[in-house]
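One structure, pasted below without further comment.
Per-chain numbering from 1; labels A, B, C, D, E, F, G, H, I, J, K and L assigned in written order.
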Amino acid sequence: MIMIMVINGPNLNLTGERETHLYGNATLNEIKEMLEERAEKLGAKVDFRQSNHEGVLIDWVQESREGFQGVIINPGALTHYSYALRDALVAASTPVIEVHLSNIHAREEWRSRSVISPVCLGVICGLGPQGYLLALEALVKMSVVEGGA
Amino acid sequence: MIMIMVINGPNLNLTGERETHLYGNATLNEIKEMLEERAEKLGAKVDFRQSNHEGVLIDWVQESREGFQGVIINPGALTHYSYALRDALVAASTPVIEVHLSNIHAREEWRSRSVISPVCLGVICGLGPQGYLLALEALVKMSVVEGGA
Amino acid sequence: MIMIMVINGPNLNLTGERETHLYGNATLNEIKEMLEERAEKLGAKVDFRQSNHEGVLIDWVQESREGFQGVIINPGALTHYSYALRDALVAASTPVIEVHLSNIHAREEWRSRSVISPVCLGVICGLGPQGYLLALEALVKMSVVEGGA
Amino acid sequence: MIMIMVINGPNLNLTGERETHLYGNATLNEIKEMLEERAEKLGAKVDFRQSNHEGVLIDWVQESREGFQGVIINPGALTHYSYALRDALVAASTPVIEVHLSNIHAREEWRSRSVISPVCLGVICGLGPQGYLLALEALVKMSVVEGGA
Amino acid sequence: MIMIMVINGPNLNLTGERETHLYGNATLNEIKEMLEERAEKLGAKVDFRQSNHEGVLIDWVQESREGFQGVIINPGALTHYSYALRDALVAASTPVIEVHLSNIHAREEWRSRSVISPVCLGVICGLGPQGYLLALEALVKMSVVEGGA
Amino acid sequence: MIMIMVINGPNLNLTGERETHLYGNATLNEIKEMLEERAEKLGAKVDFRQSNHEGVLIDWVQESREGFQGVIINPGALTHYSYALRDALVAASTPVIEVHLSNIHAREEWRSRSVISPVCLGVICGLGPQGYLLALEALVKMSVVEGGA
Amino acid sequence: MIMIMVINGPNLNLTGERETHLYGNATLNEIKEMLEERAEKLGAKVDFRQSNHEGVLIDWVQESREGFQGVIINPGALTHYSYALRDALVAASTPVIEVHLSNIHAREEWRSRSVISPVCLGVICGLGPQGYLLALEALVKMSVVEGGA
Amino acid sequence: MIMIMVINGPNLNLTGERETHLYGNATLNEIKEMLEERAEKLGAKVDFRQSNHEGVLIDWVQESREGFQGVIINPGALTHYSYALRDALVAASTPVIEVHLSNIHAREEWRSRSVISPVCLGVICGLGPQGYLLALEALVKMSVVEGGA
Amino acid sequence: MIMIMVINGPNLNLTGERETHLYGNATLNEIKEMLEERAEKLGAKVDFRQSNHEGVLIDWVQESREGFQGVIINPGALTHYSYALRDALVAASTPVIEVHLSNIHAREEWRSRSVISPVCLGVICGLGPQGYLLALEALVKMSVVEGGA
Amino acid sequence: MIMIMVINGPNLNLTGERETHLYGNATLNEIKEMLEERAEKLGAKVDFRQSNHEGVLIDWVQESREGFQGVIINPGALTHYSYALRDALVAASTPVIEVHLSNIHAREEWRSRSVISPVCLGVICGLGPQGYLLALEALVKMSVVEGGA
Amino acid sequence: MIMIMVINGPNLNLTGERETHLYGNATLNEIKEMLEERAEKLGAKVDFRQSNHEGVLIDWVQESREGFQGVIINPGALTHYSYALRDALVAASTPVIEVHLSNIHAREEWRSRSVISPVCLGVICGLGPQGYLLALEALVKMSVVEGGA
Amino acid sequence: MIMIMVINGPNLNLTGERETHLYGNATLNEIKEMLEERAEKLGAKVDFRQSNHEGVLIDWVQESREGFQGVIINPGALTHYSYALRDALVAASTPVIEVHLSNIHAREEWRSRSVISPVCLGVICGLGPQGYLLALEALVKMSVVEGGA
């Protein structure tokens, strides 16, 4: 069974409530359910988590080193400065796809720079909850074709 | 019928031949066929093009304003300086997804800056030919749910 | 009853002990008491908190979304890089005033740049514990004049 | 009697008329009256002035060296480049609080940098006319507690 | 007979259709007609052209070296990076006026920098189609007063 | 009757005497006369002024808010740093055209950056005294077509 | 008895497992044991800790203010942005030596800048686990010679 | 037979006519003839081309991948921004020498930065038409000593 | 008779009173007297002035164009941003020496950059009131040897 | 016998005399003796040198390529710009440790950047003469464990 | 007889030994012999020198002012900072060609900037020892055609 | 007897021969004689030296620590990068005046930045050989008034 850890960073628990013109109306729970449903169809399973604490996110990334074939991460605003999260992703050998609900390149200048992207397999942004589903699809496909990238 | 224009910029005609450790082994023609096949399944049609000429790409983007529900664009190295291509995308009202075969954030510094991304709906990079398929899926889904964005 | 949450970031628990030439001799507890006393006079109530953990501060800001008419925040050194805290403040609809005991513009170069200020109602710095009292006064006044900002 | 000089820089004479979404509806005269009233209550007196001329402002700051216990200054756009005004403030030994009606950190990039702040006791911005009142309160309090800072 | 070449760069063929709040409602054809009419009154003739291809624009600038007394150029987004177009203008000895429909200094940061301006006689921007007419007037006047500049 | 205020900044009183290879031989008085003559033909009137004092220029811009349909401003070297003059122009609701005798983009690096341009309707530079006439023409035309921009 | 607190930041718990070409093969536990053994020889005692949480590290630094004669800190990637950790170190009066297993100056550009170093007694990097031992030696020596620095 | 493609970019067709104090009096045709003559002596053949179109230059570089042992390129002003041309050179496996007639380091600041140089074998500049001849000599010598670099 | 105008900018009227560790104990009047005395010995005469108004300084520089053989200027903090003063100095043909009492290169970063120096004959700083005397000597010497520079 | 060359750059001959609050009271000769004594205990030998001449230091580094197992270098102020010294260290295959008496990160901005560090095994700074001893220890240990790094 | 001085800077004496993947296998002596041989054929003579001392190189450049028709200089790492060497080259009236064995634009960022190039006739890099021969050829040719440049 | 050491850096031995439009016609020897003559009048003695070697200059500065009351230094192009020379000047307790023949602020951008100035008593530039004489006068005066600064 392909296991994918889905990690959400600070403030993503408010998705669907805050700034819906940017992040859409789907709540994080609805995104979780969409992913679980799609995962089932693809013969995979997702472990969906959220925390506002950088340290917790790092613990989870380290945990993903065993028993997971891939990680989908939406680091929230940590995207732009958490070199510690980046180092955790480097240390873990699992393939990672970075996802953002909004197009981070079409907003404030500082949002267009990610310290996370350089250590990921790939990045998907601006496609809303769909971005998670596409990332899942890509990771599962790679796992089937023996671990990808 | 949903029509999607797929525009490929400079040097992408060499995909599958040049720097395969970065861009993979699939040729541009194989990517075209994958897209056509997937499009058919999704009830859509793709019009797949490539040119090394910035001016031609701008002409095509302008052309997409009529009869197309979306554009997938891989601008090649024009990504990093062609404000003229960007202006063409702004002028066209069609939703656009920018795609890159490789993770442009994990390469030379100058590749991590796109002048195109701020005017796109979203960006997918680092997932190889899959990136095109995922972009297609996202655009078709949006077109069905009445024009997306 | 007007409720104001007062949030203090990393190392502010040492106020009154460390670098007193910069931060003064009043301890954080004394500042809390001054605020509670003044709040009572103004017909308001303050909920005064401190943590060294960015994640905890974000949790609190999110909590302030219900039952609070305003937030006073002294983010300590997180002022200068915590985009995650900033995003939490944006997500919360409560009016916020940023306070610093010392004049951050008269110290090291990097202290003069706040990533928090652009999303606050206003900023008070350099006036010591008084800064908290003035912020309280301003927030209460705004709440009375129907929600301010 | 505690004397406070209140100095307003270029274009502040238009307050209440221009860009009221930024600066509010109170005119400079109304702010003057609020300050005089509050000063009276605090046992102080304000000398309220405005000029569009950098040289005049410098003359006034120099004048404040005798007979004044504090200065409140809103330097208008001179905030961002008048090193001459800054030098005048340094030369004067009177404690100074810099005030801005709007939150200068939430506007154009260049407004977030003040060449004046590093030589002031403190800064208050974004709180409208209230900012002047709070500054007055703080200066008077300091004068009572023997000259502050 | 005074001959003036009027060169329009990428996306200007869409003028009047795209972003009319920025570029106005007049189409490029209407601007052409206004210019022809005004030229006739001034005893001059305009040769009005547009292309999305940088190379074609360079060919035209080179062509202007013979039989033309002046060039009016609106380089579109090439304004901001086409050093090749700039070199062509330097190589041609014809006097050149750069024109922009919108005020390029009141838009995105990158639009305020022109690599073309330093090699032109002068620049007119922000005055809509009028800008072309004023440029024509200025060039004709200079040609009459024996070649200007 | 259309009234246009023409404001000239520091050192422009020396036009025609200093650096004539840059600014031409026409004196400021001759420019004034050309403008008055042209204004008469256009059914307008110009109020032509010059000062070396930033504060005086700001006073004049404020004065232009009543009884004037437009402002032509050549801010001299204040162009490059006077945010106070810029704020005055923003506060005034009159349409403004910025004029420079020389091509400021073809001289020292620092001259190519104007803090004034972003708040003007348009900019004309490099066309000598003609620039003033063209600006006048454009402003009058706009006033006729009911207030322009 | 000389007490030295040894603080390890994010991802250092993976030392010996991740990127061994950079960090060597010794595990963090082995480094702990080496230090304890060496401490004993020097008549000192080390309290060895690791956490992925910035807030926990700050708590520990504050704790070190009592009962410890020195701190050895390897802040991991927090080195490069945690001004909050830096402020904690400033607030603590204990002498601190910053240690890095790898030579941070011979890796990515951003690793060569430490916001921590300016507030430390000294820095040792690139010498692997030896770095910790040398830091211990230096701190003990200083404590003996009455508190160093 | 050793085949060398010689590619000339925008505006080089004007060599010998424009700015002869910078580029010398030899026309591009004369340079072509010098090269053909020298090539013959060296037992090689040159295919000499010029275009103002970036796209055409990219097509040619791609074409050079078959049947050519080396490329000499003078990219004109594209030198300073055409990452697309650079990518084409990377994709082609042929050894490339970049040539400039003038010393690009002794002119405008922006001319001293080449985006092309990092992907070439070597660079020759400032030696006029001789530069082409020396590049030819070097490439032929390398081809003889089995492919060089 | 050699006439030298000595121009002092903002805050120099406070010399001898403010920050005497930087500017020394001599008052501006004492400096004036030293200069007059020395001038007399050298067969020259000084016209010594001070103003806090940029506009007044510009007027004076323009005035110096007639009847003066040289200018000594200490522009105070205008040194660092007054391009208008610089332009006045350029327009005046009189030789100018810039003088600063303190060593502006040994203080705040922004003080080490003068926009005035590039248009002066020379600069003397850090030598206190002596700097004025040395400048006078140099100017007189040059006037004698027929106008210097 | 393990041979270690210890190289000291410009002005280090004054150690113990100049700025003792920064560099301590030990003279360079005393440091030499400490090192010789410690080396003897470790079964090694140090060759201790100092020069104010960059060229001499480069000669010595080249000389270290034969007969030395390691180099300790304190390049003095050459640390911050001598790329020639850096290249010499790269060319030499001997392991190198860079040492500074003071904490270069806690002084002027420019001192925090070393062009030497990226090519060293490691760096020790801020620990006074101890830094040399610790470097010696580390190098000897590595030599014993067969050449280190 | 045409005399050419060939000057080699720091570390070039190690050519052929150090980093041969970058600099090739030819020793400096072999390059000297190639040059002497080629010079003889061209009717010229080379005076070949190397030093690690910036001062010595400057002395030699000054010496070249008499009796030499040209200088070939490979300044080694001094290329990137020795303004003193640059000034020496400016002072000498001899034509100079700068040579580098490797392509300095394809290595570390700082190597791509030469402070020497702007004052040379031309630059050749990346062509190994050939670069010296081509430079010699170019200089001799120029000397014959009466002094070149 | 007051002893002043006068130190001249690289290429100053060519003064009077090279670029006389910048440096004047006086040779270094003539400047030496002027200084000796003036010194005699002032009851002082100068020790005048020149070297192209940074190391030698540093040796001399160190030597000046004994038996000299002041140093006049013209560091030539070392002005712009020799932090080692700067450190030597800091280490020496002798008062230093930096002199430049030309106005370094009116030439290339990089010449306007001196790493030496911040550690000197004062700076004189642009006044030709006079600059040396004025520096001498100032130093002697200070020595008389007991050591100056």
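The working rule: contacts are C-beta pairs under 8 Å (C-beta built on N, C-alpha and C of every residue); 3 or more make two chains touch, one makes a residue touch a chain.
Bear in mind that the values here come from a model prediction, so they are computed numbers and not experimental data.
The minimum number of touch steps linking chain K to chain L comes to 1.
The chains in contact with chain C and with chain I alike are D.
Interface equivalence for K-L, evaluated over E-F, A-B or J-L, points to J-L, where over half of the contact pairs coincide by residue number. Seen as a C-alpha superposition, chain J sits on chain L after a turn of 120°, to the nearest 5. Of all residue numbers used where chain E meets chain F, over half belong to both copies. The two sides are thus made of the same residues. Chain centres here are Cα means. That of chain B falls 32 Å from that of chain H. Here the CA centre of chain A is 55 Å from the CA centre of chain K. Here the spacing of chain E and chain G, counted between their Cα centres, is 64 Å. In chain J, the residues that reach two or more other chains under the touch definition are 53-56, 81.
If you check each pair of chains against the touch rule, the ones that pass are A-B, A-C, A-G, B-E, B-H, C-D, C-G, D-F, D-I, E-F, E-H, F-I, G-J, H-K, I-L, J-K, J-L, K-L. Of all residues in chain I, only 9-11, 13-14, 17-19, 51-56, 76-78, 80-81, 110 touch chain D in the complex they form. Of all residues in chain C, those touching chain A in their complex are 53-56, 58-59, 62, 81-84, 86-88, 90-91, 115. Residues of chain C that touch chain D in their complex: 97, 103, 105-106, 112-114, 117-127, 130-131, 134, 137-138, 141.
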